[in-house]
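What follows is a set of structures for review.
Consider the two complexes below, in which chain A is the common component and chain B and chain C are the respective partners.
Coming up: the complex of A and B.
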């Protein structure tokens, strides 16, 4: 709405000095933050990679080429490939409804979207066992018809969808609300249909918000442990995702293999972080232009 | 295209935005909906556009009931206060939007669209800007692009919601003169919302003064200014002074003997060194404030607690050579008296 305003901040100017803390305080705060980050983030990350490559590149690659590992990677990719598009669709429609329309039950919907954040992932997994498990509500019926959900791939996907569905919606709702309805109204008055308005006006305005949400959703879908652990049944080569496989390898004292597989997740985290900061920057730009 | 507004009412929760509003807007006129914030003027405009649904009443375009028809079928042009330009599109794509979203059968060819857009950009005097993005334009330029975008679909009715509200004073004055000129060229029935009486008086063919969800008065700028229907209209169109009193019995006049308030506009108060006639009142100069070309003098009437504001031109002020604390005589040139519902 407003033209960009260029303000010049300079610590050398008298006003700049008047508004900042003395150098000692500033350096202490920065040092504290850096030490904390090193201890809790950089060191563990370095440990993962150093352990993974401890016995050389060939051992590392062999650990990844092991059939059970490959199958766990495949399962994780399948889970993410199903979960992320579904949650993208759900998140965009929910955010669109909440931000641009008024309806009864809107607050209830917002609360429900937040539910997975407030429920422990283990409980989320347990819910599915209670519903679809053999002792659950529809477990016997499922068994009669030979449909496997719990301790099989469908259960893993269901639990992952539940745990990750707030990410896209939560990212988009505040962004869409901040941008208001005026552009959509303008499009409607000009004769655009609902779908044209959505694809030509709403979507381009939240493009980076969507990418941000998808990246976070994907990272969580691939890295989810608790909920998946409850429903998976830990069948090697069948229902083990990457995080579950790491745990099994570690429990078997197969450290190099465990860290090698874990390094894949670490790579994923690094890439996620990178895309996330680009997306964050772009989202800010989109908000400033509105 | 004429617009008939019949008994429109709209409620937001417990707040009555519009209570039974009836108004007819003749074809080709430029009408201003004038009122303070919360008077329902924007709601009325949005109901005409179809962006809001009335609780009751009807909207007729050229005699046809359009109350139930969808926004996109009403063929209206709408200009928003904050422009609502599509940020991610160039100026060209913004203006062409209404044409590009048409179904294939009625969509003009690319060449026709290009021609129409450049014609419109010429009309709003922004020919060289087709490739720019809204963020690269000034406020006044953005609003002109918003207008070009609204006109691109050849609307039967042009609706403008506080179109100059977000602009600074100089650009605003320039743009409203330009809008008046544009309307004289294209003659599309236009309704614009404003809370600025100068803007309404300068631009509109007709002014509809609104207050608390009701129409107080509707008429030409001269009518509403010279013959305000009630104290609200008088108050809203310029500074007024109030004199409380009781009407004297003079024949069979309605309301005689009742309490009444007389209103005098501040530029209708004359200041003299000596009493001109029996209506002159003795007063003391309390305060002098210079406002560009005009001078505002606050006076205390002798024997009354009321303060009176008079607005003089700089020339008159200098000829009088007024000083603070001086005693002078004031005489109202034109007085309007309102008793309850009666106007005298």
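Coming up: the complex of A and C.
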């Protein structure tokens, strides 16, 4: 301790470089990280497109124009069109109650909202079979009245709502908590109604957070496999979503078609990542400004 | 903090929004999940134990939890490395790499499954280099570890990354000034700061791996006793109309998930306290 600071190990690590490693180590670490990420992320992504276009553009387009493919795309779009708005509405409502008010049991409520993320997708499908299936709670009653829920479109939508349940809420709660409620209080004092305050003050403040939650919710809704697989019944052209259709094509050894359809989902994933990055950056900016 | 008491809060809509939140949560999540518990309660204790400890089921736990553990360890090591490199170093393409980390969240699991199976099959892009060395990945338990590593990859990176960003450089400077070598600083100063977040990421990655289904079934081979994961076993039982069996095993999985969730919550509390 008595030695002057700059002479301690001055031959090995001058104090100016206290916060970083020697260039050789740095580049080795970067290389190791990039090799790992190439093997696990970049290569699979490249493989989807390479396999899809292996036999040329015509074969690729033909695979997409196939009636079963088109009907699976339609079902996936319908599922997302029902699921995303419902979970968006729920997410905004839950975030308002949780972020702007104090009440007992708040942490429990947040944990419960997050629950679907920690449940295996297979179980997320199974629980609806246990309720609406023939051996389920209200299955016999449904059959008497000729209503089909599981092994039909409503079951697919229910299971999808379950697995995408937390996305919007868990993004909005911390964001709205961080922004506080002074702006809303000011608006109310100045005579705005509750809804006016929400639409003119709160909503613009959390716009990018909503976009972030919606894009992730949508990606999962369109891509969910396990939960939907349990409740779908796998009827070609009727209860097959795009991911389920990929599975069928793959299991029929129709690899080019399977990857062609899969490439649509990979495009969706890339767009999702892009929008997500922009939204993340905007949210960060907004939080720094406020 | 009294229940429903809103002291000094002029904002409207508390009752309506909380009411709707609890209603929607109940019909979509709580009631369906409780159905699983009630159906299991319909079994006698003896039936339940026999079902969930049958040799094929036990083998599936071993495979599922073993592979998830291996994947979580791989993800913890490389996740810390990737997080460190992304925050501390500058290199071309860093932003794109950073955005790509979340690919496993965005890419549907079925797509990941067929792609990994194709790449790592004996004549695939990577598999062909492993095959001569006698390493088989696709259609073996190793394939399960691979798929679980893929889907769990973002968790460790995304929990460790913000903590690395928050580390104050003064700490490292102080360590160096007091005579620590760079290695000592890393091990004694930085690593302890990262530990709670690494453990959180590890647990998240493990939990995700245990429940995963879509990406694994394409690459696993799905041989009973060898490469059959528990979620697949639940589906097999369902397809044989063995609802009781499926429900009992699912209940075990659900209890495991809840335990993991509790552990993760405690870990997150710990890391938050650590950060302050």
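Heads up, the rule we're going with is that the second predicted complex is superposed on the first by the 270 of 290 C-alpha atoms of A that agree within 3 Å, B and C clash if a C-alpha of one lies under 4 Å from a C-alpha of the other, contacts with A are read in each partner's own complex, and residues count from 1 in each chain.
The definition used in the following text is that a contact is a pair of C-beta atoms (placed from the backbone, for glycine too) under 8 Å apart; a residue touches a chain by one contact, two chains touch by 3 or more.
Predicted model only: the values in this text are computed from it and were never measured.
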Exercise for review: State whether A:200 touches chain B only (first), chain C only (second), both chains, or neither.
Suggested key: first
Practice item. Using the superposition on chain A described above, determine whether A:94 touches chain B (first), chain C (second), both, or neither. Key: second
Practice item. Please determine whether it is chain B or chain C that touches the greater number of chain A residues. Key: C
Practice item. Classify the contacts of A:188 with the two partner chains as first (chain B alone), second (chain C alone), both, or neither. Key: both
Check your understanding: Regarding the shared-chain residue A:235, is it in contact with chain B (first), chain C (second), both, or neither?
Key -> neither
Review point. In the superposed arrangement, which partner chain does A:121 touch: chain B (first), chain C (second), both, or neither?
Key: second
Check your understanding: If you stack the two complexes on chain A, which partner ends up touching A:77: first (chain B), second (chain C), both, or neither?
Key -> neither
Review point. Looking at chain A, which of its residues have contacts with both chain B and chain C?
Key: 185, 188-189
Review point. Within the complex, which stretch of chain C touches chain A?
Key: 1-7, 9-14, 16-18, 20-22, 24-25, 28-33, 35-36, 39, 78, 81-82, 84-86, 88-89, 91, 95, 97-112, 114-116, 118-119, 125-126, 149-150, 153, 169, 172-173, 175-177, 179, 181-182, 185, 207, 210-214, 218, 231-232, 234-235, 238, 241, 243, 246-247, 250, 253-254, 257-258, 260-261, 264-265
Revision key, fill the gap. Touching chain A in the complex, chain B uses residues 49-51, 71-72, 76-78, 80, 82-88, 97-98, 101-102, 134-135, 138, 146, 149-150, 152-153
Study note, to complete from the structure: The chain A residues in contact with chain B across the complex are 1, 3-4, 182-183, 185-193, 196, 200-201, 204-205, 286, 289-290
Point to revise | Partner chain C, residues of chain A touching it in the complex | key: 5, 8-9, 12-13, 15, 18-21, 26, 29-30, 32-34, 36-37, 39-45, 47-48, 51, 90, 93-94, 96-98, 100-105, 109, 111-116, 118-123, 126-131, 133, 135-137, 158, 161-162, 165, 181, 184-185, 188-189, 194, 197-198, 216, 219, 222-226, 229-230, 242-244, 246-247, 250, 255, 258-259, 262, 265-266, 268-270, 272-274, 276-277
